[in-house]
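Written out below as structure tokens is the structure these notes cover.
Chain IDs A, B and C follow the sequence of writing; residue 1 opens each chain.
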Amino acid sequence: MPFTRITLLRGKPPEYLKALSDSFHRALVEAFEVPPADRFQSIHQLEPHELIFDRTYFASKPRSDDYVFFDVTIGKPRSTEVKKAFYRRVAELLADAPGVRAEDTMITITTATREDWSFADGRAQMIEQV
Amino acid sequence: MPFTRITLLRGKPPEYLKALSDSFHRALVEAFEVPPADRFQSIHQLEPHELIFDRTYFASKPRSDDYVFFDVTIGKPRSTEVKKAFYRRVAELLADAPGVRAEDTMITITTATREDWSFADGRAQMIEQV
Amino acid sequence: MPFTRITLLRGKPPEYLKALSDSFHRALVEAFEVPPADRFQSIHQLEPHELIFDRTYFASKPRSDDYVFFDVTIGKPRSTEVKKAFYRRVAELLADAPGVRAEDTMITITTATREDWSFADGRAQMIEQV
């Protein structure tokens, strides 16, 4: 159900992008109990003049050119505590692979409702018998 | 009022993209009664390592490289039944042109409010006399 | 807290894009009282067949190829009056620099909640002591 847009500066190799994708999805599975197969993501690589981010706002250390923004739309509400655990887990897993520093990881969550998704076949799978 | 982001793998010719745009907009007009002139869309073509989608999750048949994701923001609420009719109509029209298989068509709807739109001129047209 | 996606036709020089970014952010600061350092934006430049916009719908004059769409996610609610003032200010500032005509400026606002943001460090800064 989640769809995640991942936005970062252009220039990382495909294996780096795959690790970003893998680690973020693993955090969704672990913290939000998303089914492992429920994986949908797009990666948007931008030139330096196309990605504007403050280097220090609400960051423990200055952000680097590895800054990455995850904009995830989820399909049902999660509690504040679960969201906080999710943020922590994203930062931990991305630090492991591909090695993004915690100050470079920014996330925002949008919550849709179950009827707002059609995965395929012209159906609203989350509210229909399948 | 709707703005739709259309995300798919790079490589389709412009006429294919135009048919995607036309068919999706026609479904908005038919199922959501959107004015025909109220048409705003962006198309984001990505490389294979930039678009991650599960091939089988909640799909009647495996998704192909024709997978296309429509992320539409609408300006007022629609009922569950109207949303379901919309999903069906999108799948039907895209099967006709450009010939996308139903299992490759994924949609999510975000609902904004009328005051959240400025179409032009620094005005909030949906809540002001024009 | 705001993250803004800016979508327009490809072909403008970097200094034009910088002026777009500067003016839009200044309107956020002035009308929404966003901290000046709270600046996060991505710019998506598209080919003509990738950006579809009606030339006349709810516009005082026909839109030109300078059409630009701002999709901003904010972190707390604003009143209707404040949103209207924001739209006006965006149009004014963009007319000044880089010189976008008011009919070419389209905006939509999405409102998230404070717990939906992690700026860095695996933390939810808007709801935690920092």
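In this text, contacts are C-beta pairs under 8 Å (C-beta built on N, C-alpha and C of every residue); 3 or more make two chains touch, one makes a residue touch a chain.
No experiment lies behind these values; they were computed from the predicted model shown.
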Legend entry - Self-contact between copies subunit A and subunit C, residue sets same or different by half: different
Legend entry - Superposing rotation of subunit B relative to subunit C, computed on C-alpha atoms, to nearest 5°: 120
Inset, instruction - Would you kindly tell me how far, in whole Å, the mean C-alpha position of subunit C lies from that of subunit A? - result: 22
Inset, instruction - Spell out, as numbers or ranges, the residues of subunit C touching 2 or more other chains. - result: 44, 110
Legend entry - Sites on subunit B touched by subunit A in the complex: 7, 44, 46, 49-54, 56-60, 63, 69, 71, 80, 83-84, 87-92, 102-111
Legend entry - Contact footprint of subunit C on subunit B as seen in their complex: 3, 14, 17-18, 21, 35, 37-45, 73, 110, 112, 115-125, 127-128, 130
